[in-house]
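For reference, the structure is listed below as structure tokens.
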């Protein structure tokens, strides 16, 4: 049981706990905050898997940009109160059960994979220059394509957001 | 260590996201849960990329990079999606003063 | 020769076409001229053939009627002694009746007059087809043709809905017979692959003639089915009820179709296929029994009828029963003989009654007649002759033919003989009852009838006289050997086609039987004389009532067959069809609609439920993929 | 070429008819086209015996293994003749009844004719299916466009019913296509198939259902009376006189020879269905008060007999069927013409409301009586020959153990048919006149001509049927050889 | 590749056209011109004439199939423009931006039609989806439109999550995103691989609105502005199918036995729910939404039986279905009343248009002599070839049901007489409709016109 393993367990527990908090906490703002924490723990995982670049990007993009955006919107709608309307507990139960069974099934299915499972490796492909290398040689086309995505998203945001 | 743990972890996260989607009424929270699902996927991808790197680094030094790049693209897309999604939610809020998805039932049958 | 024969049926056909198409334009004179002329023409031709005695066992083939695979049915005529005899009767009596009709129907409107003669000619044509046909199919064509004509002529006065109903009844009853006939035909095809009489029956090579096996299923089946056909056409139990109703038609029609010719088609058919019947003694027995039963039943009914034509109708049925009795006893010649004589005197009686009705301006109920003998001398005289003939008083024709029948019956089965004897007595009784009530006593009609009463014109009386003569002398062709050497002319004449009846009783017994018959008839007549010399109201006994309503047979049929059929029909129509089959078909559509209405609830509009359903189905599919598939 | 012409004439003519503005020109045009088709078909049958004119084949639809191949063999000839003879009669007899939007009406009529001719001459399964539907669609529009007040649901039921069945047939054909070695829809390829028995047993139903609904055979018949009742009489003529034959034709062409063993195996089932149907329909016909429904049921009875005779698999029976297809078509069109006349004059089809017409309209009476006699298949009318042959075929069939029983039960129909047909005549024509019928006028020239032609056909082929029989004799021999596989095996 | 580039570029151009061109007519004209240019380029590319070559690192593969489909999609879009682009003005003020988004979507279509890497697939689908979320909501004042857009967005991104999970699992199993290199291990496909496959199956089913992942379809199609519904229901949907087929034939073709059962179930469900539910609809628009589901069921048959027939068939189906549906929608947009009764007496007022509508409906119902029949025919052919008679029988029965609701519209137009307030229809519109109808019939008689491009 190496140090990485111990760290993994701790992080995993944190991740799951905070994720659960995201979906359970009454106050939306809290959920946002919990989600941010989740992202941090996930970044932790990335570091463990020494994908440093992704860890950083994750924090910047998600925790930094996206979640802040969420927060803004929530504030703007001042929904930061605990009395958010709840689904009837039957529906909740049903949802939980469905999700639980899905988990059960997938886990049951995937644990059959044990024998052909390989160990995780180390190595520094996660470093920015290596990624950059590949990104701008092999993956340049998708990279360009994603620009179309952004353009359309931008136009969309304008169409939707702009007051008439 | 064994990749299996990561599979289970991310599957668990993924399912938690799904459960969130199923159990919450607030559109934004639902959306956040979806983001959670995406992150679960990211985690899994990274884990796999490491795995494949170990498996194939002998013949190809950049083996497994693609997985991490995919994560990168997912983040890109997620960002774009968020911008649009929030715009839509705000628009709806402007019109109805609510983002409760239970009230979205003008269209049915 | 061949073409000459073809002319025989062709002439009436032409007459039919001309009269039918020109019924609006042609004046009555022309119509009657054509109508009678064509029949006379074919009569003369057939007479010529008869005198030449030029018969041919092999049929004359004109063209392929049906020629499919190995089923070859030519359109062919066969003119041998048997058919010639019938042709003579048909055309001869037919001509007289045509002539009679010209006077009887003269009040009809022009186009209806034309229509009448067209029908009459068509009937002669079909009847000739029937008797001349060289195979069962051509015979069947004529068979149905005469059925059609009787339908048309019974319903001739179509304004009266009842008449048309009677016509329909007649046709349907005949159809029931034809049902049997057709099946028999198919069976014959199956057995012997041909329908030609020659190929079936000729002594040397005939497929049936060379058979030895008796009472095989096929033979019995075929003969029985053929008999069903005959029973339908010749009004035997159980299919006789149409004949009395058929009296709705004009009287000459009754005389021609329902007495002289059409109803004897059944006898002709069985006589024609005697070779076949000789192989099926079982069938013959049944025929004999049914014949005797019919004869008796009809005779009893005739006792209580008050409609002059009804009496004659039932007596016809009874006489037909006689003929079948003869057939059943194997005495084909006797049957044919009786057909011939019966054609004479029954036609005579019908025409006589027609003359009476004519004189009484449409009155048919004998209770309102009486004392006509002074006014209608000729009619009366001829009528008496007819009655004597049918009663079998020697030496009139009826005596010989009836005697031949009784003799055969006696040798075949004593019981049947006794039944026949009783029938003979009854016949004599009701015929003279009719005679006395009609012509004797005092006049019971209305005043202006009384003034109107007059002897019929020559066109009507001449046929009466001719037929009367025939009724007297007609019997001499069949004087039994017992009387004169070289009697039984008819038998010898028909020898090539119809085998003679093998007598095996002494002449003395034969004399005795004749005596018995004659005496019994005379006694019956005397009783009738005492009872009906002067008309008095008949007191109705319950049994008499049963007879008057002819044993309620019609009612029984009605409630036993017609009603249930209609019940079933209306049930099927309203319930089984609509809410049975159709409901099933529509049910599918309804089901779809219902399902549609239910499925819509899945589309609740709630994202939550949508995703929930998706997740659940995901789970299910996962389970199916990983844990249920082997 | 002639065969192609036979198809193109009504097709093009129909399309042109749509663009004719005013009614009479459309009428005249379509009548002209119909007559032209008649001429062509007569030439095609008498003129061009076995010459190249009777076949046409061209590639189409690329690599689907189907060809645009059409041919006129004995059966096609007799049916095309029927088509060609009927249409002028229909147009002639309905000359006086004025339809709204005549251009569309006659255009659709001609299109339907093209479709049906196509069905009768197609020798390629896919092509056959194409025409099958092409014939259905115009008729659907005709019925629900010009029909009675309940037309829309009734016609729709008819459409869905037949459409579903025909889709199943398509699957059957498709399946057979995959069984052919060289993946082809050609008729010969289908005939060359030797399918294993158990396969045949279920393929049979896929194919047969479509035809059974079209004919219709007993349990599938419920659409028919309603449809006949609701559609305009001209269309009813097409439906009952011609379209019905598509079903019979289909069985003879695409079922019997293609799945012989199954046809043999299921023969008893189908025959009993048919025979029950005959009696059942006749009994129902006796119950009807509506003239159209009565004729409809009697038609069901007659067609049932054809169905039974087909599966008897005897030469006489099949020749009878082929001949009867022609006769029944002609006769029933005649009956419908009379129905049309009566309906147009008295504005009612209720038998109970009619009566005494004979006194006023003797011409009509005589013609109808002759038609009725043909309907009860009296000797010397055409249908007697056909039915005689069919009954004979059934009775002498070796394909079923119960041949005698079947024919006996079926033969009951000649009694029942007499009952309801004569009943009909009696109710309409005999007895005293009433308020509705007292000022009846006799028939017009055009109707007189149409009915006259029909009566002529009835009598001619009743007295001398041999020409029609010769036309189809060879075809039946070939067919039986093809289907005779069944007779080798014991049931 | 050229097509892709030019489509994207024209999208950008349209973006800026708002500043350059003031009149909407000019904008529309520009859009038409650009699309025409794209079609030409596409044609050239199909005939192997490339203006510029770009190394795509084996992430895309512009084979005949993809190019032919792109061509079909572009042509259909052109028909869509010709018929309905004028009606986009009614939706909102951002006229040029709508065009821009449509072009972006088209580029997405090109991507999903020619991907060989799951990354491209993912990007393509997103490029298709995100603009659609917006177009759905583009009628901003209309609550239904808003609601539809949010529903579509949430469920769409949910399915994206599923798809990503699938991709990840597949990647885990094979170590590559390249669909052509994916090989299941020697001892059968690993569980990872299969569960990834399932996830992908779910998400793709969602995109093509196959049951039980179809729930979004009726609501979204109903809520979206009709113009865009028409686009969504046709071009986008069939693009989804092309992606579906490509993915399952390339990546999972060799382990067909593993997933055919599931696909069969999905097909059956889709056909059943789509057809049965459509029967009861009272609004034509919603009926068309359900009919699109049922048609999807038929197209799924191509996925079920990945074969040459299926490829030809799906192309033909794409063309037939898109053209017919676009035509019907184009007329529907003009109507003031979307209910069936709204069409009562339509034939009297617009005989010519009615005829074309009838042709489109017959094509959808799969009546011979229309492209619709042949495309269904191809599907059945492929299915029977793949050895599932029962499935095809079921499909056929459902097709019969579909005739029920299509003919309801015909009945309304022709046989039910009602007074509908007149609608203005330009002659150009009419001629376009007639042309499209003519194409539908032509393809119904000579499918070779289209399919032979796959080979020569």
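Which chain is which? They are A, B, C, D and E, in the order written, and residues in each are numbered from 1.
Criterion: a residue touches a chain if its C-beta (ideal position, glycine included) is under 8 Å from a C-beta of that chain, and two chains touch if they have at least 3 such contacts.
Small disclaimer: the values here were computed from a predicted structure and weren't measured.
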Check: Smallest number of touch links from subunit A to reach subunit C?
Finding: 1
Next item on the list: Kindly list the shared contact partners of subunit A and subunit D, in label order.
Entry: C, E
Check: Of the chains shown, whose Cα mean is nearest the mean of all protein Cα atoms?
Finding: D
Notebook entry, point to check: If you average the Cα atoms per chain, which one ends up farthest from subunit E?
Noted result: C
Item checked: Chain at maximum distance from subunit A, centres defined as averaged CA atoms -> C
Next item on the list: Using mean C-alpha positions as chain centres, tell me how far subunit A is from subunit B in Å, no decimals.
Entry: 6
Item checked: Centroid distance [mean C-alpha coordinates] between subunit D and subunit B, Å -> 66
Notebook entry, point to check: With chain centres defined as C-alpha means, what is the inter-centre distance between subunit C and subunit D in Å?
Noted result: 37
Next item on the list: Measure off the straight-line distance from the CA centroid of subunit B to the CA centroid of subunit E, and report it in whole Å.
Entry: 26
Check: What residues in subunit A touch two or more of the other chains?
Finding: 87, 91, 94-95, 98-99, 102, 106, 109-110, 113, 138-139, 142, 146, 149, 153, 156, 160
Margin query: Going by the contact rule already set, what residues in subunit B reach two or more other chains?
Written below: 3, 7, 17-18, 21-22, 25, 30-31, 47, 51, 55, 63-64, 66, 73, 77, 80-81, 84, 88-89, 91, 101-102, 104, 106-108
Item checked: Per-residue multi-chain contacts in subunit D, two or more chains -> 160
Check: Looking at the whole structure, which two-chain pairs count as touching?
Finding: A-B, A-C, A-E, B-C, B-E, C-D, C-E, D-E
Margin query: Looking at the complex, which residues from subunit D come into contact with subunit C?
Written below: 157, 160-161, 219, 221-223, 280, 283-284, 286-288, 315-316, 319-320, 356, 358-359, 362, 373, 378-380, 385, 388-389, 391-392, 395-396, 407-408, 411-412, 414-415, 418-419, 422-423, 426, 429-432, 464-466, 469, 473
Check: Of all residues in subunit C, which touch subunit A in the complex?
Finding: 608, 612, 615-616, 618-619, 622-623, 626-627
Check: Okay, in this complex, where on subunit B does subunit C touch?
Finding: 18, 21-22, 25, 30, 101-102, 104-109
Margin query: For the complex, give me every residue of subunit C touching subunit E.
Written below: 589, 592-593, 595-597, 599-600, 602-603, 605, 607, 610-611, 613-614, 617-618, 621-622, 624-626, 629
Check: In their shared complex, at which residues does subunit D touch subunit E?
Finding: 60-64, 129-130, 133-134, 137, 141, 144-145, 151-152, 156, 159-160, 163-164, 167-168, 170-171, 174-175, 177-178
